[in-house]
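Per-chain numbering from 1; labels A, B, C and D assigned in written order.
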Amino acid sequence: MKKLRVGVAGLGRLGRVHAANLAYRVPGAELTAACTVTGTGVDFAKNELGVRDVYTSYEDMLANADIDAVAIVTASADHCRQAELALDAGKHVFCEKPLGVDLDQCRRAEAAVERHPELTFMLGFMRRYDASYAYAKRKIDEGAIGVPYMVKATAMDPASAAADFIRYAQAGGSGGIFLDLGIHDMDLMRWYLGSEAVEVHAMGATFRHPEFRAAGDDETGAAMYRFANGAVGMMHIGRIGPHGYHVETEIVGTEGIIRISAVPEKNLAMLYDKNGACTECVQGFQERFADAYLAELEQFVTCVLEGRKPGVTVYDGTASTKMGFATVESWRTGKIVEIQ
Amino acid sequence: MKKLRVGVAGLGRLGRVHAANLAYRVPGAELTAACTVTGTGVDFAKNELGVRDVYTSYEDMLANADIDAVAIVTASADHCRQAELALDAGKHVFCEKPLGVDLDQCRRAEAAVERHPELTFMLGFMRRYDASYAYAKRKIDEGAIGVPYMVKATAMDPASAAADFIRYAQAGGSGGIFLDLGIHDMDLMRWYLGSEAVEVHAMGATFRHPEFRAAGDDETGAAMYRFANGAVGMMHIGRIGPHGYHVETEIVGTEGIIRISAVPEKNLAMLYDKNGACTECVQGFQERFADAYLAELEQFVTCVLEGRKPGVTVYDGTASTKMGFATVESWRTGKIVEIQ
Amino acid sequence: MKKLRVGVAGLGRLGRVHAANLAYRVPGAELTAACTVTGTGVDFAKNELGVRDVYTSYEDMLANADIDAVAIVTASADHCRQAELALDAGKHVFCEKPLGVDLDQCRRAEAAVERHPELTFMLGFMRRYDASYAYAKRKIDEGAIGVPYMVKATAMDPASAAADFIRYAQAGGSGGIFLDLGIHDMDLMRWYLGSEAVEVHAMGATFRHPEFRAAGDDETGAAMYRFANGAVGMMHIGRIGPHGYHVETEIVGTEGIIRISAVPEKNLAMLYDKNGACTECVQGFQERFADAYLAELEQFVTCVLEGRKPGVTVYDGTASTKMGFATVESWRTGKIVEIQ
Amino acid sequence: MKKLRVGVAGLGRLGRVHAANLAYRVPGAELTAACTVTGTGVDFAKNELGVRDVYTSYEDMLANADIDAVAIVTASADHCRQAELALDAGKHVFCEKPLGVDLDQCRRAEAAVERHPELTFMLGFMRRYDASYAYAKRKIDEGAIGVPYMVKATAMDPASAAADFIRYAQAGGSGGIFLDLGIHDMDLMRWYLGSEAVEVHAMGATFRHPEFRAAGDDETGAAMYRFANGAVGMMHIGRIGPHGYHVETEIVGTEGIIRISAVPEKNLAMLYDKNGACTECVQGFQERFADAYLAELEQFVTCVLEGRKPGVTVYDGTASTKMGFATVESWRTGKIVEIQ
């Protein structure tokens, strides 16, 4: 059983999740190298993950590390460039979402992928690998809800993390709430509806932390999409989930509806006390999607080892990015924006 | 459309519920008389319900009021005697549970009912008329769960009412938690299983209010029943429901299970806040069973007017009382008790 | 205890609900007259409700019946005119939604109400009187969710009734799905957000019954609103609820969220069987809102008898109608529409 | 980072789960040996897990393999003997439940553990390591429900697996439904109540598959326990869960109640269709407790590496076994049985 040797690029919050999964939990993989620009990242890689081959330059790692593949978990603006470099260096690529921060980048990444049909490229839309989302897709493909004609999506980061997201907005670079948070919902809409969005109207609101507006972002976003096949998408995203991290998705079909996670339960316990019957909720994406982050990497590794194509392609990255930019434009201008 | 003229006996907490329903909400009935021993009862009947014919003696009302039927909502010890008097006076009888406080009483009531086949007698096990309980019965009769072989019953009065129930226990006369509260669950077990209990083992516990034990009662009761057809009953009753009034019943069958009210929700609203996702709960039997109290009286009136027999008979009263006494004996002695 | 004598106008499906409530279940009211243009309506009034004074002309009833008030449950186009006639005849008015089918009508109704400050006028937005919706309002007023800044509304008629709604659309006069069904959600958004909508963008979809489109209506509607205070409204309405009648509303606030009826449960029973753990759902507005229809009439009668003003005014009718027309215009043109 | 070298004994259904976890998912462990008596087990170990050192004799593995610890997942009757051998050979021991099949065995295992205080012994009550059960324990320890005074436990294997369990019963050796399935609930009662059972009354029922009775077992078991501190335990176990594998536990306290898994959901998706609002359920212990099986091994490995004592001791094994035997005796005799 040959193992896939992977080098991870980026050891921030999510990078560490991926790195630990590669090191300990993905049977077919070995974490043989890491690249990080922070001292704590280096320490983490060496002491927590036992990686001996740690770089501070991505290009260095690509040139020298004993790796078959890279997992790119760096800043969004670097994704496309690093993916291209890796592919041209003959490495398989797992790349975190979003694919890029502008469409030119995305197109260059597409070209790089097309130059290397012998290599596997997979984009990290982890929700597709979550047990509930994957189950919904399977049921829909089996016809359980007839023809899906509407997706209603909600994603709220927990109020407890609002300070982090304010700093994040102030630092710029995230692309704002629609690109950073909403991109997942856009991908899911496309996936479940099997169609592309052709029109969007978005608006925002800030009621608690004026800092979001001051930083040129918004605390809450709302958008309505029309899809090429006539289907409708509705999205509500926000930064101040009072009870925690709330990601809920509903796919409405002609014969049934599937709703995922109406209560973002922390576990299966319910407490009956003076507050009523209460379920404690998850507090962040790491908690909610821990298994999905693992499953997507297992999928990537399996695809490489078995020469199969992953479900999430580079074109999904471009399409969702395009949808994201149109959404931002609508939010900025207050007008309906067509998506070519 | 001739209306059934009803006189209510007893205007305590539950008596007022029945009286108001008869006065305002049961299309086929008219509340033409009332009998109560308290001044506030008299005022309530006259001012709130517009009853002009108010008595302080049950016998007086029976002899003089312009009534076709009586609704007996007096102390448990008086039920059988008053039912017998009413039947012998040619009145239809709606009688609150329990039928009686000993088996001799029950047998005399049975005899009175049998003496008057031309009259309608109905016992007030209101849960059978609750929409959810009636639905469960209908589904079971339709075969939705195959053969029912186990009933698991829970009934907890709200902690907020514990002081009332302590006084109630201290005053005696309620028969204790098993007869007062558990009798409903015993009736439901018999109803859903279609069999009679042949053996019981009961125990009790008091962990918060020692006053219950001091009064010769218990804060919590637990009992396990074996039924003639081999089915099993499990019961948990208590006085300190931390979240409110919790009545939950589960009927387990060979092909399905029906569970009623796992969350005793106050309404359909869920609040997501720092406590998680919470549902506020009902706080008492009046709130939980308001519709059932109305439905059972509508059923009684309809049965009288249409000459049909109600679902809950005098024999149901005797059987549940017998089961209740055996339960109390087991709780007192710590032994398994056979039920003849 | 003087009772309010009420005459009901219209004995269609909903008219009968109101009439029966007035006849049997509203303590302070007496149903003394009815007006209906159908023979079955006359029979129903006489035989089922015991009303002796039945008219086939509204004006006749107004002129001759022994009534203090009217309940108008006729075709939408007649509401304003009949309300005005009643007010000018010195009668209190309970009027079903919508107030009118154009803004001129609404303005005339407003003027009539203003001409008669001594009379009570109430509009029938029954959802406000549903236990769960009223509870949500109370909690919000108490500050349970901080500042409400978004309402997400869903309303789906049951797929089983689609044929009825197709006929209804074909007959015209309903005003289409947005005015007929969505008007309730518009009223609730205004009520919960405490602000008026200033902009709307709406779209529609028809995936199962092309008859809706053919009749100039749509099977599904979606709309997004911006409110004067910056709040956002999102609405999804439809005619083919696969599981039944699904009315769900969520009010999102800075400190909490209240969601009403995520599962439109028929009752409190859950069936565990080969399909999983299932809750049967309600099948229509009559079933879901039976208690609310009663509560709103009780409120109306109480307001008249006690000289209080009801919560739902004639201006609520105008405002929601205005919002409804703007929504229809956006749906027709595909453009964002401002609401003055 | 030194890894704990573990040899697994037994590669049946559950043995493979543990072996795969040790091989791939427990960071601190290495699966260096395996012992199995079946050819398919040998193939699985070599081909699926990459274990080169595979034995067909437990004693052989103990004598020759390069291991620090053993994971015993063999037949219940072998657990104590194999644990003793391993401890005397200087190996740490993870042992699946139940500890033994009679009390003498348990006592010998206790003695072996006491002979080797330098070694770690842990019993595999995996439910304690499930996220929801562990959360409940933590909340209880924090005082969230006051004093726990009752545990209500339900465990139903899925109807779809009944044929397997019939064969299992016919083969003997499982000890019957109370020892095989109920032992988990007995352990949990002791754990949550912090007290030992002093009395049990048990009964059984068979309504669907007479084969259970014919094999000297029962399809359904029910038991009621009295604990030393006055607390009460109620247990319902069965083999024909109509919707799947249903393990539900409720801990009732003076200030709150925690209920775990009232709906044994497969994932977070709900399907609304003609059956109502449905949640698909898990179909077996492997599915429900996959994470718990991993967490308990991680706990074992951490305890060994850090020299800490695991939460589940050999004495927990003896105590639950004692409780189990008394339960079986009560079920056989129909009498209340005291537990010394």
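Keep in mind that, in the parts below, a contact is a pair of C-beta atoms (placed from the backbone, for glycine too) under 8 Å apart; a residue touches a chain by one contact, two chains touch by 3 or more.
Predicted model only: the values in this text are computed from it and were never measured.
Chemist: Any chance you could name the chains that touch chain C and chain D both?
Modeler: A, B
Chemist: As a test of understanding: of all chains, whose mean C-alpha position lies farthest from that of chain D?
Modeler: Computed centres place C farthest from chain D.
Chemist: How far is the middle of chain A from the middle of chain B, if each middle is the mean of its Cα atoms, in Å?
Modeler: One centre to the other, that is 56 Å.
Chemist: What is the distance, in whole Å, between the centres of chain B and chain C, each centre taken as the mean of its C-alpha atoms?
Modeler: Chain centres of chain B and chain C, defined by C-alpha means, are spaced 37 Å apart.
Chemist: List the centre-to-centre spacing of chain A and chain C in whole Å, with centres computed as mean CA coordinates.
Modeler: That pair's centroid distance is 42 Å.
Chemist: Can you pull out the residues of chain D that are in contact with at least two other chains?
Modeler: Touching at least two other chains: 145, 242-243, 255-257, 259, 262, 265-266, 270-274, 280.
Chemist: If each chain is a node and each touching pair an edge, is that a line, ring, star, complete or other?
Modeler: Topology of the interface graph: complete, with all chain pairs in contact.
Chemist: Where on chain D is chain A touching in the complex?
Modeler: 1, 23-27, 50, 131-132, 135-136, 139, 144-145, 255-262, 265-274, 280
Chemist: With touch defined as at the start, can you tell me which chain A residues reach chain C in the complex?
Modeler: These residues of chain A touch chain C: 145-147, 149-150, 152, 201, 203, 205-208, 220, 222-224, 226, 230-232, 234, 236, 238, 240, 242-243, 252-257, 259, 262, 334-336.
Chemist: For chain B, which residues are in contact with chain A within the complex?
Modeler: Residues of chain B touching chain A: 241-244, 246, 263-266, 270-281.
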